[in-house]
Amino acid sequence: MKVWQDGKVELNGMIESYTVGKDRELDHQLLTYDIYGTAAHGAMLREIGILTDDEFLSLKKALNRMLGKVTRGEFGLAPGDEDVHSCIERHLTLELGDVGKKVHTGRSRNDQVIVDIRLYARDRLLELKGELLSLCLEFLEFAEGNRVVPMPGYTHMRRAMPSSVGLWAGSIVESLLDDLIYIDAAYEHNHMNPLGSAAGYGVPLPLDRELTTSLLGFRKTQNNVLYVQNSRGKLELGIIDALKQVMLDLNRFATDVILFSMDEFGFFTVPPELCTGSSIMPQKKNPDVLELMRANYYEILSCSNKVAGIVGSLPSGYNRDVQLTKEPLMVALELTISTVSVCRLVVSGMEVNPGDMESALVPSLFAADGALEQTLLGKPFREAYMEFKDDSRWSRTSEDIFRGKDYPGAPGNPGLEAIGRDINEQRARVCRERERVRDTFDRLMGI
Amino acid sequence: MKVWQDGKVELNGMIESYTVGKDRELDHQLLTYDIYGTAAHGAMLREIGILTDDEFLSLKKALNRMLGKVTRGEFGLAPGDEDVHSCIERHLTLELGDVGKKVHTGRSRNDQVIVDIRLYARDRLLELKGELLSLCLEFLEFAEGNRVVPMPGYTHMRRAMPSSVGLWAGSIVESLLDDLIYIDAAYEHNHMNPLGSAAGYGVPLPLDRELTTSLLGFRKTQNNVLYVQNSRGKLELGIIDALKQVMLDLNRFATDVILFSMDEFGFFTVPPELCTGSSIMPQKKNPDVLELMRANYYEILSCSNKVAGIVGSLPSGYNRDVQLTKEPLMVALELTISTVSVCRLVVSGMEVNPGDMESALVPSLFAADGALEQTLLGKPFREAYMEFKDDSRWSRTSEDIFRGKDYPGAPGNPGLEAIGRDINEQRARVCRERERVRDTFDRLMGI
Amino acid sequence: MKVWQDGKVELNGMIESYTVGKDRELDHQLLTYDIYGTAAHGAMLREIGILTDDEFLSLKKALNRMLGKVTRGEFGLAPGDEDVHSCIERHLTLELGDVGKKVHTGRSRNDQVIVDIRLYARDRLLELKGELLSLCLEFLEFAEGNRVVPMPGYTHMRRAMPSSVGLWAGSIVESLLDDLIYIDAAYEHNHMNPLGSAAGYGVPLPLDRELTTSLLGFRKTQNNVLYVQNSRGKLELGIIDALKQVMLDLNRFATDVILFSMDEFGFFTVPPELCTGSSIMPQKKNPDVLELMRANYYEILSCSNKVAGIVGSLPSGYNRDVQLTKEPLMVALELTISTVSVCRLVVSGMEVNPGDMESALVPSLFAADGALEQTLLGKPFREAYMEFKDDSRWSRTSEDIFRGKDYPGAPGNPGLEAIGRDINEQRARVCRERERVRDTFDRLMGI
Amino acid sequence: MKVWQDGKVELNGMIESYTVGKDRELDHQLLTYDIYGTAAHGAMLREIGILTDDEFLSLKKALNRMLGKVTRGEFGLAPGDEDVHSCIERHLTLELGDVGKKVHTGRSRNDQVIVDIRLYARDRLLELKGELLSLCLEFLEFAEGNRVVPMPGYTHMRRAMPSSVGLWAGSIVESLLDDLIYIDAAYEHNHMNPLGSAAGYGVPLPLDRELTTSLLGFRKTQNNVLYVQNSRGKLELGIIDALKQVMLDLNRFATDVILFSMDEFGFFTVPPELCTGSSIMPQKKNPDVLELMRANYYEILSCSNKVAGIVGSLPSGYNRDVQLTKEPLMVALELTISTVSVCRLVVSGMEVNPGDMESALVPSLFAADGALEQTLLGKPFREAYMEFKDDSRWSRTSEDIFRGKDYPGAPGNPGLEAIGRDINEQRARVCRERERVRDTFDRLMGI
C-alpha cells in the first residue's frame, strides 16, 4: 500500500507500472543518501522537540543498521515499495513503530528525493573530477613521453603545418582541465540544502533548516522553498551540460585516434587487447571502444535534451514530469565516469609510431613556414604568400622543424610543466573536498 | 570466447563491459527473430548447395526446438554470449556440430542484426497500429457520447469561441489517424530484406537473396549491399520520427486534460483509480499518469536525437557507433505502445462535466459570432468587428449555440461517421497484414 | 494600425518588435500564396452569396494585378504591416473599399497563414523532389562511369573487403530514392485544405469547404476545424523530419568524400573551383563546401527540434508559440534544396583516381573472400575463418576481384539499370504533379 | 578576390554563396572587435620588430578612423568581402599599402575570428548580466509589494497548499541569481586570449602572446595553440548552455503568468498595452509576448543542439563546419538579452489581483497544515494524515494563514532582504568589470 492510500481506491495495475517506471531500479542507488537525509532530518526534529532524545537515538541506531545492510548488499526495495522513501519508511515503522512514522513529520517525498539526488550528484561529481584528473595525468605522461615527436597538423582534414604529439596531447589535457570550470559551476549550484521545502510551500513547524544544512555538509541552505521544487530538472540540466563538455573532448579524442590509427595514417596503434574482431573478416582489429566513446557523446546530449524538454513549459511547483529527469541524470553521470575511465585505459596502452608520422611530414606542410620566414626579411606576408603558392618553393627543413615555434603553447613548447602543476593543485582540492564530505557523513551517523 | 577470437589475445574486461553495454538485455527481444532469420538463411544455403537436405532438416528441427524454449521462457543469453547471434550459433554448434558452424556461411553478424531488427520493428509497428486504432475507437466513442456537449474553445489559452466536446475529441482522432501516414512510410522503408549484405560488401557465393526475401515475407530485397549497412540508424530515425507524431498527439491530449480537469475548470474528471496521492497532503488526487504521458514525449524526442546524432558525420560502411541505435529504437517502440494503451484506459474512464462547461460559456465567447452574423446582413466584417469590441454587444445566444456551424468539421458537425469508417478500414488492413506475417513465419518454420 | 486595434491602446514598441520577430521578412515568400488563398476564399464567398458577382470580379482583377507586381518584385510588406495578411488586406481595402474588407469574412489570420504555408510547402516539396531526382541521375551517371572500378570497402574505418565505386555511388542513390517515401508521406499530410477553420472553432456561416479544396487543388479537406489549428507545428515537424533523411544522406556523402579525398587516400579529387584556400597556408585546397554540407545536417536537426520543442506541452487551440515554427520550416526547406543543388555540382565535378584505389587494395582485404571460398570446398566457415587469421594466407586475387559477387546488389553487380528506371518513373510523377498544381493556379486566377 | 586567391582558379558562384552563408551579415557585429584585435596584434608586431614605430602609428591612426566610421554607421562589408577580416585588410591595404599587408603577419583568419568572437561574447555576457540583474530588481520590487498577499500553491497543477506572491516572485529571483553561476563559468572560459594560435599550429615568429593578452584585457593566454582551434564550438556550447538556464526561468515565468492570468484564475493581469488582439474575435486580449518568451526557450535549446551537433565527431584542428557555430551563438546571446528586457517590461506592468487569489484559497489547501498541526500535539504524522483525508476536517484558518511558516524561505518569510543585498553586490561586480573592459579598449586605441 502506498503511503498516501487509505485502502478505498486501488490504483490500476497498468497505471501503476507506467507511473513507477524505472524508479525501483534507479532508487537503489539513492538508498544510502536517503538514510543520511533521514538521519539529518531526525536530528533536526529532536532539536525542535518533535522527537525525544530516546526516539532519536533508536532512530539513529536503526539507520546505522540499515546502512550496514545496504553496504553489504543485504537491503533493497521490495516489489511493493513505491520508491526508496516509502521503502525506508516501511522498514523504520516495522522496527520502531511510531518513531518510524514521526520521522516523516515536516518533509514530503518531494524534498526527500531532492536531497537524495543532491547528495548522490555531489558524490558522483567528486568521483568524476577524480577520474578526470587521473586521465589528465595519463595524457600528460603520454604528452611528455612524445613531446618532441613531430606529427602533421591538419586543418579541413588536409595536411596543414607541422605539429607535435606533445601539442596534440596537450590540447586534450587543457581542454579537459577547462571542463572543470563547468563541473565546478554545477557542483556549486548543486551544493545547497533543499530540506524544509516540503511540497514546495513549507510546513507550519519551526524547522531549523540551517541545522540540516550543516549536518549534511552543504555550502548553504537553498532559501526559497518553491525554488527548491522549481530547481528540479534545472539543476540536472546544469550538471548534464557540464558533462557534455567532457564527453565532447572524449568524442574528439576518439575521432582523432580512429582516424590516425587507420592503416592509411599509422600514427597511433590501439593495443590488440582493446580491439574486437569481426565474425566474417579474419584480419580485422576494430577500435570498437573508441567508436562507442564517440557515440556516447550523443547519449549524453540526449540526456540533456530529455531534461530540457521535460521541464520546459511546466508551471511552478512540483509536477510529476520531473520524475523522469532522474534517469538521464544518473545515466549521464555513470556513463561519463565510465567513459573517462575507459579512455584512461586507451591512452595508457596507445602506441605512437614516429616513423609513420615522420614520413607524413611532406613538403607542402612547410609552405606557410617558408612564407612566414620571408617576413622576417621584411617582405609583406601577402607577397610571400603568393610566391609560396608555387610548390617548387616548398621544402622540408631537415633541421629543427619547430624552429621559432618555441613561444608558449606552440608545437615546440606545449608548456606541459604548467599543466602538470595545474593538475596537481586540482587533485589536492578534490581530495580535500572528498575528505570533508566523508567526515561529514561519519559525524552525522556517529553515535 | 568470441566468435572472432583465436585465444591469443584476451579482450580487456573493462573494455568488454563498456562495449557490450546493454546488448545482452536488449537482444533477448531479438531471439525469436534471429531464429527466423537463421531458418531463412539456412533454407537458402540448401537451395544453393551449401547445406545438404539432411543438414537443413536437422537445423530446422533444432531451430524449432529453440523457438519452443524461447516461447516458454526457457532460453536466454548466457553471460559469456557476446550477443544474440553468438548465443544461437553456440547452441546450434553444441547440438549439431559442423552444421551449426556452416549456417554462418555467407552472412555476418552485421546483416543478422539488421534482419532481426527489421523483423522486430515490423511486428512492433503492426502492434502499435493495432493499439492506435483501438485508441481511436475509444476516442470516437467518447466523442459520440458527448457530441452535442458545448465546451469553451480557447486560443492563446484565453476563452475564444464556443466549441464542443465532439469537436475536441474528434480533433484528436483525426490527428492520430494522420499519424498512420508516417507510420506506414516507416513501415514501408523497414520492409526490405537486408540478407546478403554480409559486412556491406557481399560474399563470393551465389546467394539467392530473392528467396530469403520471400521466406521472410519482405516486400522486396534491399538491393545495394552497402546501403544495407548505411541504412542502419537511418531507418531507426525514420521509425522513431513517426512515433514522435503519435507521442505529440498524446502530449497534447495530456496537457489538455490536466488543464481542463483542474478545479478551476472542472470540465473533465480523471477517475480516482488512475490518480495518485501525496505523502504530505491528504486531499490530493494527482494526475501523474497524464503528467508522465506528457513527459514521455520528450523521451521519444531524445531517442530520435540520439540516433540522429550517432549516425551523423560517420563514413560509409558499418561503424560500431550504430550499435547504440538499437536501444533508442526499442525504447521508443515499447514506450509509444504502452503510452497508447495507457491513454486508452484514461479515455475510457474519463468523465465529462457538462455543467461546468456550460457555466464557462460566458458572453465574450460569442463576440465573434455576433459580429459575423452582421455580415449576413451585409455589413463588412471589419466594421462589425469594431462594433463588437464593445462588451455590451456580447451576449450568449440561449438557443442553438452551434447555429450555422454545421458545415463539415465545424463544432456542430464534427463528422464522426466518416472517421468511424476510416478507422474500420484501417483496422481491417492491419489485421490482414498481421495475418500475412504470422502465416509467413508459420510456413517458414513448418516441417 | 493593426487589424484588431481600435486606436485606444497602443502596443508597446519593444513588445511589438519582439512579437513581430522575423515575420515581415519571412512572409515575403508567402505573398503569392496568400493571393491564391484569398482568390479561392473570395470565389467561395461569391458562391454562398456574401460577395456579389461584381464584387468578386473586381477582387479577382485586383488580386491578379497584385500577383503581377509580386512577380515583378514591385510589391512588398511595408514597415507598418503586421504580416502578409494585413498587408494584402490593406491594399485591397485601399483599392476596392468595402470589398477589401468583406473578403475577410469567415476566415481568420490563423487559417490564412496555414493555407499559405501549405501551398508554399507543397511547392517547395515538389521542387525538392525535382532537384533530388536530378541529383540521383547525376550520381547514377557517376556510378555508371565507374562501375567496374575497384575500391577498398571499410568497416569500423578499417580496410575490410573489396568494393567498387559503382557500389558506393549506388548506395547513395538508393538511399536518396528511399527518402522519397518520407517526403511523399509529408507531402500527403500537407496536402489538405485548412480553410474554414477560422480561429479553430468555425464560423456561423454556410462555408463551402469542398469548393476551396477543389479550387486550390488539395487532395482533400482537413475535416476537423480544431485539428486544423492543432496540426500547426505537427505538420512542420513531419516535413522537416523527412528533410533530415535527405540531409543525413548528404552528410554521409560529404563525410566520405572529405575522407577519401585526403592525400592519405587520394581516391577522389574535388575540383579546384569548388575548393577554398587559407589566409596563411599558400598550399591549401580546402573542401569547405563539403564541410558545410556535413554541418548543415545539424542545422536541419535543430530546425526539427525547435519545432518539436515549441509545440510540446501546449494545450489545444492556437497558441502564438507556433508562429515560431514558420522560420524553421522555411529555413529547412530552402537549405535542403540548396544543399541538394550544391551536391549535384560536386558530384558532376568529382574525379575518381583508380590508381590510388588500386594500390589501396592490399591483401588483408581479401582474407574473408579467401576463407569463404574454402566453404565452397566443404569446409565449415568458422574453421576456414580461424585459418585465415594467419596473414600468410591473405593474397590478392589478381584476376576478377568481384568473382562470385555478381548477385544483385553485390559490388560486381550494383544493379544500376533498375535504379535508372526507378528514377525516371519518379521524375515523370513529379512532372505530372507540378503541372497539375500549375494548372490549378492558372485556372483559379483566370478571368 | 579572396586573400587566398591567385587569380587562376575562380570559385564557383553557387559554391561561394553556399559557403559564405550569413557571414557578411553576422560579421557586421564583429567589426569593432576585429579592429581591437588588429590594434593589439599590431602593437605586438611592433614590440617584436616586425612593424616599425612609424608603421604602427599609421596603422593605429587608420584603425581609429575606421572605428569612428563604424560607430557612426559609415562602414560596412562590401559584397566582395569574404568576411570581416578580409574587409578590414582590404581597407588598410588601400590606405596604408604594405603596412596593411604586414599586419597580417603571424596570424590567420582562424585566430582572428576567434579573438573577435571572444571579445564580442565578453561584451554581450556583461550586458546580459546587467540586464538580468535589473530584471532581478524588478522582480524583487514586485515581490516586496506583494509579499503578504496569499496565493494558492500548486503541485501537479492541483491546488496544494497556501503560498504567497512574495514566495512565487522570490523563487524566480533566486533562480535567476543562480544562473549567474553558469554565466560566470562561461565568462571565465571565454576570457582567454587565443592570439598566437594562427591556424592552430603556431608560426615561426617570436610572438609575444602575453602582450596581446594584456592589451585586450584577457584574464590569461590560452596556452595550447591547437586547443585554441579545438575550443571553437566547445566554448560556444558552454555559453549557450548557460543561456538555457536563463531562458528556462523565463519560460517558467511565462507559463505561470499565462496560466494565472486566465479568466479562470484571474490572479494576475497583463497590461493591455502588452497584449495583442485577434483578427476575428473582437473581445480578445492575447498574451502573445509571454507565449513567445515561452517558445523562445526552444530557440535557445536548438542553438545549443546545433553547436553540439556540428562539433561532434570532428577531428582536431580547424574544420569549416565550425563557421556555422557563429550564428547560433549570436542569435542565442541577442535573443536572451532581448527576452530578459522584455520580461522586465512585463513584470513592471503586471497587476496582482488579491481578491481572486483570496477566493481561490479553498479549504482543501489547508488539509496538510491541519494534519501537521496535530503532530505538534504529539500525533504521528501518518495517522493525522489519514484523518485529514476526510474533507470535513479541512478548514481555512481565518487568521494568519502563514502561521508557523516563518522560517527562512517559507511562504511567510521569503527572505527578500538577503536577495536584495545579493543583487546589489552582483551589480557592483558587473559595473566594475564593464569599466575595466572599457578602460582596456580606451588604452589600447589611445594615441
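The chains carry the letters A, B, C and D, assigned in the order they are written, with residues numbered from 1 in each.
Following the convention adopted for this analysis, a contact is a pair of C-beta atoms (placed from the backbone, for glycine too) under 8 Å apart; a residue touches a chain by one contact, two chains touch by 3 or more.
Small disclaimer: the values here were computed from a predicted structure and weren't measured.
Identification of common neighbours of chain B and chain C yields A, D. For the interfaces B-D and A-B, the C-beta contact count is higher for A-B. Remark: chain A and chain D have CA centroids separated by 24 Å (rounded to whole angstrom). Chain D has its Cα centroid 38 Å from the Cα centroid of chain B. With centres set at the average Cα position, the gap from chain A to chain B is 33 Å. In chain A, the residues that reach two or more other chains under the touch definition are 3-4, 104, 110, 155-157, 160-161, 199, 203, 259, 278, 280-282, 284, 286, 288, 291, 294, 297-298, 301, 305, 309, 312-314, 319-320, 368, 372, 385-386, 389. Partner chain C is touched in their complex by these residues of chain A: 155-161, 258-259, 262-265, 278, 280-288, 291, 305, 309, 312-314, 360, 362, 364, 367-368, 371-372, 385-389, 391, 394. Those residues of chain B lying in contact with chain C across their complex are 3-4, 6, 50, 98, 101-102, 104-106, 110, 153-157, 160-163, 167-168, 170-172, 174-175, 178, 181-182, 184-185, 188-189, 196-209, 221-231, 234, 237-238, 241, 244-245, 248-249, 251-252, 255-256, 259, 294, 297-298, 301, 305, 308-309, 311-320, 368-369, 372-373, 375-376, 380-383, 385-386, 389, 403-405, 407-412, 414-415, 418-419.
Listing the residues of chain B that touch chain A in their complex gives 2-5, 9-12, 14-15, 18-19, 21, 85, 104, 107-110, 198-199, 203, 272-282, 284, 286, 288-289, 291-292, 294-299, 301-303, 305-306, 309-310, 319-324, 328, 338-339, 341-342, 345.
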